[in-house]
Structures are given as C-alpha cells and as structure tokens.
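Both of the next two complexes hold chain A, though its partner changes from chain B to chain C.
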Partner chain A sequence: MHMKPIIFSRPTTQVIPLLPGIIAMAGLLLASCQARRSSEAGAINAQEAAQRVYVAPGKYDEFYAFMSGGYSGQVSVYGLPSGRLFKIIPVFSQNPENGYGYSEETKPLLMTSYGFIPWDDAHHPELSQTNGVPDGRWLFINANNTPRVARIDLKTFETVETIEIPNSAGNHSSPFVTENTEYVVAGTRFSVPTPQQDVPIDSYKKNFKGVLSFIKVEPSGDMDLAFQVVMPGFDYDLAHAGKGKSKDWVFFTCYNSEEAHTLLEVNASQKDKDFVAAINWKKAEAYIQQGKYHQMPGTYYDNRFDTSTQTARSFVHQGVKVLIPAECPGLVYLIPAPKSPHGVDVDPSGNYIVANGKLNADLSVFSFDKMQQAIQQKQFDGEVNGIPVLKFDATLAGIVKSGGLGPLHTEFDDKGNAYTTFFISSEVVKWKLGTWQVEDRQPTFYSPGHLMIPGGDSRKPWGKYLVALNKITKDRYLPTGPELCQSAQLFDISGDKMKLLLDFPTVGEPHYAQAIPASILMPQSDKIYSLANNRNPYVTKTEKEARVVRNGRRIDVYMTEIRSHFVPDNIEGIHLGDTVYFHLTNLEQDWDAAHGFAVEGNRDNAELLLMPGQTKTLKWVPQRVGVFPFYCTDFCSALHQEMQGYIRVSAPAEQVALSWSTGKE
Partner chain B sequence: MVMKKRLNTLLFLIAAFWFVGCHSSSTSEQQAASTETPSASASKANPLDDKGIGPVQSVQLGPIQSELAKKGEVIFNEKCTACHRIESRYIGPALKGVTKRQAPEWIMNMILNPDVMIQQDPIAKQLVNESNGAVMANLHLSEDDARALLEYLRSIDDSSSSR
Partner chain C sequence: MKTLRHIMAPGKKGIAHVFMLGAVISSVFIYFFPLWKITLYAPQYPQGIRMYIWIHKITGDDAYTLQNINILNHYVGMKDIDPHAVPELHYFPYALAGIIFLGIMAWLMKKRWMYLAWAFVYALLSVMAIYDFYRWEYDYGHHLDPKAPIKVPGMAYQPPLIGVKHLLNFTAISLPEWAAGFMLVSIILGFAAFICCRSTSVKEQINHHDLLPADSSQASVVLHH
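The block that comes next holds the complex of A and B.
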C-alpha cells in the first residue's frame, strides 16, 4: 500500500520538470528546422519575421491591400502585414455567398450588350488618386474578357458601377487613373475589326485596330466613356498615367507590332523592339472640343448602383467619339521599347518611364524630359499609321543591367528605389533610379507576375512593404490535389536589403494589387445603411407595412427581418405558375447585425445577405405544390434557429385566399 | 518527495497567479470602455434605484408633455413594435407599467445602450433571460428620441393609473 503513492508520485514528479524540457527541446529542434528552411528561402530569422507580421488578436493591420481575383472575377481585401483575408468584394462574377448578381437589385451590374454575363477575369485594381496620391474614395478594376471597368465604393466596399467598353477586346491595359482621377484608361489587348464585322482573320493587317479608351470620372464617381483613340493593330498590354510634369500623358506598352494573328508565341516576337505609346490626354480633350472626332458605332452598357435606392440600373448607350492619331498632330508618339514590353511604370517624380521588356534581361528607362526634347527637335525614326516614332536613343534615360530574366513589373519606394519582378529568373530586383545600379535581389517562390508596394505607382509610396504576387505555387503549402492556391509573399523593404517575412495564399489569380494605409480608409467605413434614407421602391420600414400583393401571376412579398423573426412568416395563397419576389428589409440599425434569407428549391438564384438597413429582392418561381420553409442564413442571435417561416404553394385550381401573418395576432 | 511536491505546488501557484494576473488585466481593459459600474443586485435593492448603464445620468420629470409623448408614440410604432407591445408580452416584455417598475434613466439607457445593459445590468440580464435570450436590438436612436419614448410610456402609465 505504501508503494503505490510512491510509484505513482515518482513518474509524476519526474514528468513535470521533464515536460518543459521536452517542449523546449522540441521547440529548439523545430526552430532550427524552420531557421534552416527559411534561410534557404532568403528570409530573416523566423522569429523576427514572425514578430514583424504578427498582429495580435483584436489589433488592426497597418494597410488594406486589394488583390485582383483574376479568374474569380472578384477583389479580395487583405490586411498587411498579417496577410489576413477580410472580405471578397464581388465585382464581375456572381457571388452566391451574399447574393451579388442573384438579387434583383444587383443583377443589372452584370449586364452587357451581350446580355447577362455571370463571370469575368479581373486583373488590375487601381485606387482613385488626388494629386497623384491614393485618396481612398474608390477602387477601379478591369474585366479582361468582356471589356468592362468597375468602380468600388470604399465607404461600403461594394461595386457601385460597371461600364462596358465597345470596340475593345481583352481590356488588359486598364484601369489606370490620371493624377486627379480625371480619366480611367482602358486599352485593348487584342486588336479586332473596328467596328466589329465579319472579315477573314488573315485580313488582320487591313481590318484590325487597337482601341484605347478614356473613361471620364465625374466628381460623384460616375463614369462616362469620353473618347477612344484608334491605334495600329498591336496588342496594348499595360498602362500608367504620368504624374507631376508628365501628368497630361498616359503611357501604354504594346507587343505584337508584327501584327500577327496566329502563333503569337513565335510570330509576335520577331522584332527587336515594340513600342510604348505616349498619349497626351489634354490634347485629346482639345481635339474633341474642336470637333475633330468621328462618331463610331458601338453599343455599351453603363450600370450604376444608386446608393439611396440600393438598386442598380442599366443605361444603354450607342456610339462613341473616336480620334484618329494621323488627323491629330501631337496626340500620340511611339517610343521604341525592346522585346515585347509588359508593364510600363512611372516613377514618383513623373520623369522616368520604365518599360519592362519581358523577353529581355535589361530594363529600358525613358526620360519624360528627353522625350519632350525629342518631340520639339523632331528626332523621329519614321512613323506608323501617321504616328511619329521617337528615336530610341533620344528618349532613353538609362538601362538597368539586371542580370535577371523576364522583367514584368516595377513599383517604387519613397527613397528613390525601384523594384522589378523577373518572371523567368523568379526574383525581385531592387535598383536605384538615376544610377540604374542593382542594389539587391531576392528570390521569390515562384515566378512573380506583378508586385505591389502600398502607393507604389503613385507620387507618394509608403515604402515599408512589398508584396510579390507569384504565378506558380508548387510546394509552398500543403498540397490540395492538382489545383493549388496562388501565393503572395511579403517583403520588408524598409532597410537596404529586402527581407522575406511571410507567404500567404490568395484568392483566384491575383494579377495586380494596390494597398493604402488603414488610417485613410478606416474612419470613412460605413457601419450600417440608414433605414431612414432607404429609398428602395420595395422597402418595408416597419412591420406594420409588411404585406403580400398579388398582381396577376406576380406576387410581391414585402418582408422585414429583425432579431429573430420575419414579418410575415406564414404566407398562403400562392399558386403554381406564380412568380414570387421576396423584398426583404433588414430593420436592424446596429453594426454587424446582418440577416440572410433563403427559400427551398430556388432554381437559378442563390440567397440574400442583408446588412442593417438594406433592402434586397430574391426571385422565386415555385416548382411544386407544398409548404416550403424559408429561413435566416446568417447566425444573427441566440434565437437564430427560430428565425424561420413557411410559404404554401397550391395547385392552380385550389381556392386558397392570399393571406399572411406572424404570431397569433 | 515532500519538497518536490511543495515545489510543484509553488510552480503551479506562480503559473496560476501569472494567468490570473494577465487575465484580470485584460478584463480591466475591457471594462475601461464603460464608465459606470453595474448597480447593486436586482433582487435586494429597489429596482427604481437602478439607473442602468449608459449616457443618461439623470432625467428631470415634470407633468406629462403631450406633444413629446405623441412624438414618442410615432417612434414607438416605427421602431419598437417589431419586438414590443404595450399590453402584452411579445418578443420582449409588455411595456405597460414599465415607468413604474424602472427608473426613467434606466429606460433611456436600455434604449440607447442595450448592448452593454444586457451584458452588465442585473435587471436587463434577467429580462433577456425571461425573453428566452431574445436581445434588445440597438437601433441607434438619439437621446431626444429616447426621451420622447419615455414620455410616451409615461403617458400610458399615467392614464392607466388615473383610470
């Protein structure tokens, strides 16, 4: 009997002091493993990196980052430096998660001249700017497939406008803004017959044109297609507006100056140089004013979300003003740029224009001052379709001998440095403006496309972090079958050398991204929609106004939601053959008091998610006779599971009167 | 052996103190947000002494102001009827007699600061319990609106008691 406590106590007393030792040893082993792996990965000490990106529970990130969703058609919102995902903003694709593109109020945002399109490929988020600095009003993003530009309101983080671009195809060099967001540009990647017509594909050189569009942004944010410039049939790849001294200009890169229409992989890489097209938009405005434009046919949709009615409306426009460069001297110049340039990036001063020649090892940097001088002195090297080609040497400021392969994009910090991604050699290279010397290089995992520094394409970069947006993920995360997430990598760029801090997965394929200090966006973020200001024609502001109205075969249900019941929650007198519109209003006025709505058997439509004070409409065509439940999908309160109701569907011949109620009253 | 046990106990106590210390410092941070502490226990003290927790410190009551009460009635019908009836329990308690049961400050704080009230005020906590966990929603009314609602509720209790 005496032995037992000893037997039991001995291991116990030994184990307790041992445990911390074991944990410590395991920790050391783990740490050394991690250190070895991360030193391979070019990172700093793992513990130091962890501290730099650690945002404690309940604390906020320093930056909001907006990542394009690529083929998801959406924008994702991340915090930096933590890499935490906050929100998916649906833009060009239906989003069943919150009913975007399924609610009757949002369906018009996906309307085009082709009809309703539920998907697109979103590439380049661009923050609105004031005096060349991101101002936090709006975020623009392009649809690459069916050419469109969208505007997201950064008070609500919701898409409030989509505008279609006629005469364009593959809206890739888009949607970059001028210094005060006077214009958003939208250049076509694919040249097409302009206007569209049925012609042989091999008549490319004769019939195909590349159209560059300028969308005017009103002070309210509303977009209008102002004019288009009809360019030679090249592929217009990327763009950036000038700033400061170059603010009246927009620069577009192009490839396929060979004007090939098949096997571009080979045929568009024949010439030693393609071009950067420099367009003077102030001159363009003057030519439009003088009436030197042509009217070109083209049907396009402009879909606007009215924040007071919480409803989008489609406006259909016909025709667009176009300028022909040969008729408008001084409007466009072409700068020869080596090897199919991809990104074109303007430094914070506005003087240097970097052309990232993607089939090259070197970067060509042009000088705006030299370009102006070359124009004045007419240092031309021939012309293309009446557009003067400037002499390469007369405009060149310097060449960055990088030693890398496949430069794609460049961003800038606030200390006179530039950072370029190299896709083929899988690295980010830091170099100095003016000296053109390489200062540092770090590998990325793997094959970066775009990179992003908060404000890194503006006059005022916040040069603390750099995010490399990698195209290849391979072994960076736990495998998830053949299809992998995409990978972003965060670097600290505050010191002389770039330091890899963090990998984090991204949604869809992020092409470009932009970031802005949280201190700019946070104070202006809306918390609720005001019920008092809700002017949706189907709003139900009080439970007393809740009702069901029949109009022929159409049923309108005016329904309210508040924790934790619907009014009405019992509906009868619906017949097969009716179409039911549930107009839900969330009566809550408290932050994060959301409600959802879903009804069984809703063919073609998803659910609704309603923020406080919002009204949204879900169309439901009953398919069968019976009694069907509906319920709140967003866990709203302790009595959320009780937030449910029934709608009865009768056969057409049944005599069931229309009625509705909640509770026993 | 005894020594080791004592050592272990000591280590445990240190760890416990450390944990409690950390934990209490974080709760005091949370509480720092609300300026007032919950009033005395509901069961013993006079409920009319409980002014609740929120922006309203004291309300001077005079004779019923009928215009203000009318304004309160409009707000009541728009904002409160989703959960409250005058005569009968609905989602929340019947409101008839509430001005006799609760202090005017408590009523206004319950309207204006329900999130904190249902977490910390003993009477409010009890009422949530009686309502099967249905919470009082914060509708972000103004203090003027809350005052008008109070006047409307007073006018009901005044007329019902005088009858």
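The block that comes next holds the complex of A and C.
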C-alpha cells in the first residue's frame, strides 16, 4: 500500500519540498503512522457548524480578533466566530486606501534612522494587559525587518506610536508584554555586530551579538527604550512574559546556539538542545538603578501620534543603556530546550513554561518552581558567556509525547488544557497540563504556525474558540493563480473534543493573533474626533475660516469638507513650481460621515480619507499647466458625485491673482 | 365626587393651598426638562436621532445633533435650525417666570378667583405656545430654498405636532416630554385648587370652623362668599 500521508487529503497536495528532506521523511513516517483521518475529521455536522458561526445580519460577533498581516505590514481586525473582516489597521506599511503614510500627519510614523521606510513585516499582535488579563487599551505589534514596535490605540483603532529598536535585527521575539504592561520586549532574531560595524561575516562568533530590548510603557501608553541585554550571538525566536509567580521574568527561545552564519537550515540544526533564556526584568531594573549599565551607541526614532493635533512627530534618540549578563549575576539563566525551540508559552498559572522544539515530536514543559529551586541549589550545567545554564532535568516538569511533529506554538484554555500546533504533521493537539497526556488532535489545512485562543496567553483565557493560523491553503479555496491566500481555521473548544467550525482567508500572512471579548472593546470605541478639540495647526473649524495662503513657493490651502461640498472649491493663482499643501478638515460630527480627497496627477502620494472632525494634509506638486479637478473619494451622501472642485495652475509668467471661493457664480 | 369631597373634607382650603404650591413647584421643573422631543429614523440612522425642545433651548442626543439634522435638511432646502434665531427661546423663560411669580402670589393670597385666573391664563398661554411651535414647524417644513438640490413636487417637510409622520426617507415621531407633563400638571393643579374650594359651601365652611381653629385667611374667604 502506498503510504501517502492521509492528512494531506487531496492527492495533489505536496508540502514536502518546503522542508528539509530528513525532517520531511520523518514527518511522512510519523504522519502515516497516525490513525486514519479524513479531511472531514473533527468537523461537526455542517449545519450545526454553520449555526455556530452564523452571526445574523445586524448582530454582533462575540470577539474581536486582531491578526497580524505578516508581509502586508498591517493588522487586520476580524470578528469571531463569523470570520468577517472589519478593518485593516495600517501600521508599518503605507496604506493608499486611507492615506496612512501618505498624509503629512502620518508620514513621521514610518520614519526610522534609515529614513522613511514604507513597508515592514508584522508578526505578533499583543494586547496590553492589566494583572495578566487583556484590558483593551492598546495593541502592540512588531516589525521584523527594520526592527520596530508599534502601538495601536483601541479606542480609535489607529496606530499612535512606532519605536525603532537599535542594535537589533529581525525583531521577531516581540512585542510580548509583562503582566501589567510595564514592558514590551523586543528580541533580535538575527544576531549582528553590536554596535554595527564593517567586519567579515565569518567573524560571527567573535563579533555578533543578540540584543534583547525592554521598552518601558508609560501609563499614557508612550513607549521608551529602557535598556537592552547583550546576549550570545544566537537567534532569539519568540518570547512570553511570566505571570503570577513568574511575573518578574521574561522567557525567550533561541535557536542557532551553534552560532552558524551560513546554511542555517543545516548548520543551526546540529545541536540536540538550544535554550530558553529566562531574564529577570526586576533584577535588570535594579542593575540599571545601580548604574551597572554601559552606554552603547545607536540612533533610533520614536514616532508619536498626538491625538489632539492628529499629527505624528518623530523624536530622534541617541544611545541606549545595555546590561552585560556576565556582570549582572541573577539577571539571565539559560534552560536547555530540545531542538531549535520556536514558541515559548507560559500557562495561566505562570508555573509552566512550554518550549516548542520545532524539529522535535515532543514538547518540553519546564516548571518555574523547579527553575527557582535549581537556581537556589546552583544546579548548573556550565555557562555560556558567563550566563549559567540550568540542568535540563532539574527544571523539567514533564514531556508531552505528542505523536505529532514540528510543534510551534501553544496556547491555553481556562480548564487546564493546552493546545499546540504542529507544523509538519499539520494538526492541533490538545493536552492536559500536569498529566502531559494528549486528549485530542485535529488536522488543520495546512501547516499551522501560531494558534490563538482569546486570552490564551494570559491569566484568563476565554476558552471557547481556537483559531489555527495556517501557512498553506493549497486546495482549500477557489484558486487565484499561483498566489494563494493563507487561512484561519476556527475550532470550538468548549467541549472535550475540538470541533472544526469554519475556514476563512486572511490578509497577508497571519503569524500570531490576539482576541478579546467584544464587550470590552465595543463600548469604548470612538465614533468621531471632536472638532472642538482638534488642535492640528492646519485645522479649519468653520467654512468662514477657509482660505488659501501663499508663502513664497508654498501654498497652504485650508479647506473644509461637509456634505456635500468643499470650501473653497475653486482655486486660482497657483503657478507651476509651487508646492501645494491641501489641509483638509472634515467638519462633520456625525458617526460614519467620512469624506475623502483626491487631486489629479498627484505624484508620490495617494488620497486622504478623513473621519469626522479630522484634519489631514496632502502634498501636491503640480506637474502641468491647466485646470485640475479634485473630489471627494468616499461616497459620503446623495450628492457625493457633486462634491468636487477645480484648482487652476498657471505658467510662472502668467499674472493670475491668488483667489478662492465656493458658490460664487 | 362624594368620596373626593369626603377626602377633602378636613380643610379643603388647606388642600387647595397645597395644590397651588404643587402647581408652582411643578412649573419650576419645566426649566430642567425638555418640553418636546422629535425623533427621526432613517436607513442611515437606525438608532434614530433625537432633538429636544426646551423652554429656553434646542438640544440633541449630543452637541452635534442639530448640525447633523441641518446637514440632512439642507438637501431638501429647509432652513437651518438655529436656536439663536428663535426669539421664543429668549422670552419664554421670562414668561414662565412671570407665571410662576403669579402662581406664588395666588398661593400666598389664597384667593380662589386667583387660582382660576392663574390656571386659565396658564392654559391659554400653553395652547398659544403649542400653536407657536406648530407655526415654526410649518415654517420649517414649507418655506424651502428654491435652489434646493432635492425638490419633490408638492412635498412639505413639516414634522407632526404630535404623532408619527413619514417624510421621504425619514420617519418623524413627535411627542411631549417631561416638561410638557409638568406644565399640564401645573394647570390641572391650578384648576383643582379652584374646584376644590368651590365644592365647599359657606355653611360647611363655618361648620368646619367649629371643629378646627380658624385662621384669618380662611375667614376672609368666607366673608367674600
């Protein structure tokens, strides 16, 4: 009999070439040894499933889910259980849809020490927490490529801050929060020369370091880079802060303890064990206070969006405080963890730390209590760069014999169960904390990365649904050419067995996601921006104040929008060579009364989309002589099509006086 | 009526006095509550928008409701609802103050005819105020800008005085609010004060005096009759 892996339900399905040969073979063998499973296993009666996810027209979803957009650089907001997409929040990429990163007010949010970066790769959304429970104030997300962390305000669902991380590269183990959002962490996935310098790549072991950053979050939400810990040149993959008894600690997984700099798929997979690095941030604070830090150079941007001016400003900082673990006893311990661990997840009690060894079949679960005991009894197994390595057996709480292959991430419910994704064997496995016994397993379609349970990485999971975030969809949807969507799969986990309810496509690659009950976010969601409190320096609060001002070659147009006209809508006296700044203010104060603005031939820029009470600025450099229309892009009202105007551009030599009007015959 | 009389038997004058006091206090409440509410529903306003007419101002669900209603109204050429342009909102509070003052006088003087006169004038003014409100509604609904973007021949946009009316995409519901209730209560109490005195014959009053120590104002009323 052909030993085709049954979990890959359609014969055409082949994920194998994506993986190293050896691993794939192991996966095939293991998968084929599994009990026979059809692609429908785990799905309940279709009608029942449909009823469970059906949110009737006009009714609301139970949860908000925030999914990372991966290489789209954005965050998408979905409803659960329906899987309906509500909004894309632009974060690290320009968004022509609403002018984010195109309007003068938002451009600074994409500023870095490299200049303006219009794109990034966003991986892990993380909700702010109070007492270890998601509180609905902010959502953080990391930029992996040019290391940054962003903060999104969950009253407006807008990005309000981005902070760059110096001395870091591949900001992957980020942005996980401590129990009361004291800190957001940002660990480097790629070790680099620290500080950056021109050295041979093969001097890796000598010159490359891995830096773990701690960003302080003020009660206002403002982020400041507090300090960095300079670690050995490993790849710091993921992180999670402790909670409850372990709340003073943050755990980072690392792979490439081999310190390879080429062909990592082989060279970083040689050692039997890599590490979980446990960092005591309370100790770090104390060392900083004692002055035991070094000042390391590094330029970084902190871009803050001021909600009263509706304008972002960039603050440039120099230098950062760094701690060297060898000089700071008790700051860091390394726990050996099998086979290139990926996710590190802390259970709701804060005692169990799960290391998901991605090239392994088993999960290693460490005990915080045992770890503390091992530290006290100095049960060390050598050290790395002055960092004590704890004995594996002395910290191990248990091993989950999963029967799957390629564990990546674990989340928890509120009934003492844990759920782990297995990339290679393409499944979610449910197991019990304490007994380490597998309780259930369901296939996913295909190859899940992260999974998410609302509150599933907090002290209080709302253990009703589980979302598996799949990297590969193959034959699951109507094909759209070679580039296919990625997908989320919703499971009901309220019973003993997981039940597959729904597949839905995602925007970009959803790495991680977070979800929170709608009852927390919905009541605090803003409906409008207050025009009375609009302190944008270019605001035009009434039509009477609308005007056009020339200052040398710069033209400032103070323009208002209200259903269904602009003031002014006829502008003359602009000359080729001028730069025009359209400062639009939406005078509406009615919920969902948005207006847009676009002008012909706007090189380098997109449109503006203005919510009620907002002011935004669009730069326009006229390219030709003529009369150019501008119009409202958002179908605002019955007379939206009439919401238009003209701007006349004259040759430099022409004598055309500056004038503006609306409604003048 | 017999029972009522029975209840009122011990000191009908005193009860009329209390009624009159109640009428005055109830009138004071008018300042603190809206008189009338107009609710508009439309497909774009599933939760409705509400406009409140007070003795001295016009408000909405929030600070922006009037602007939002005006934006909608301008499509059909209706004038802006501008509270500053409604003189009644300036002098009605004084008119009410005058009524309250007269009410206090009537209450102090305990003259039965004053109760009647007060309630009658109050009722008359209230009816006139409602008519005035109707005139405003009529004016807003009928005097439309000839250059309005949307013109529906024969269509007027006068909201109902009381009740429900469909106006293009809007359903307008107009109903009295708390302050109108207080006004009504004041007037009823004023009349009640008058009626409850009228039901007292001189003879009964005198008999009554035998039972209770008379006070001078009661005596004076007796003399008048």
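We take it that the second predicted complex is superposed on the first by the 624 of 665 C-alpha atoms of A that agree within 3 Å, B and C clash if a C-alpha of one lies under 4 Å from a C-alpha of the other, contacts with A are read in each partner's own complex, and residues count from 1 in each chain.
We adopt the following convention: a contact is a pair of C-beta atoms (placed from the backbone, for glycine too) under 8 Å apart; a residue touches a chain by one contact, two chains touch by 3 or more.
Computed from a predicted model, the values in this text were never measured in an experiment.
Partners chain B and chain C clash in the overlay (superposition on chain A).
Judged by the touch definition given at the top, the superposed model places A:Lys59 against neither chain B nor chain C. Of the two partner chains, chain B is the only one that A:Gly663 touches; chain C does not reach it. By the touch criterion defined above, A:Ile562 reaches both chain B and chain C.
Once the two complexes are laid over each other on the shared chain, residue contacts for A:Glu543 go to chain B alone; chain C is not touched. Contact with both chain B and chain C is seen for A:Ala638 once the two complexes are overlaid on the shared chain. Looking at the shared chain after the overlay, A:Glu588 reaches both chain B and chain C. Considering which of chain B and chain C touches more of chain A, the answer is B.
Among the listed stretches 3-11, 21-29, 111-119 or 129-137 of chain C, only 129-137 clashes with chain B once the two complexes are superposed.
Once the two complexes are overlaid on chain A, the chain A residues touched by chain B in the first and by chain C in the second are 528, 562-563, 588-590, 593, 637-639.
Put simply, chain B touches chain A in their complex at residues 1, 4-5, 8, 11, 77-79, 81-83, 90-91, 115, 132-135, 137-140. Across the complex, chain B is touched by residues 6, 9, 13, 16, 528, 541-544, 560, 562-565, 567, 587-590, 593, 637-639, 663 of chain A. Taken in their complex, chain C has these residues touching chain A: 63-64, 67-68, 71, 75, 149-150.
Residues 528, 532, 562-563, 588-590, 593, 637-639, 642 of chain A are the ones that touch chain C when the two sit in their complex.
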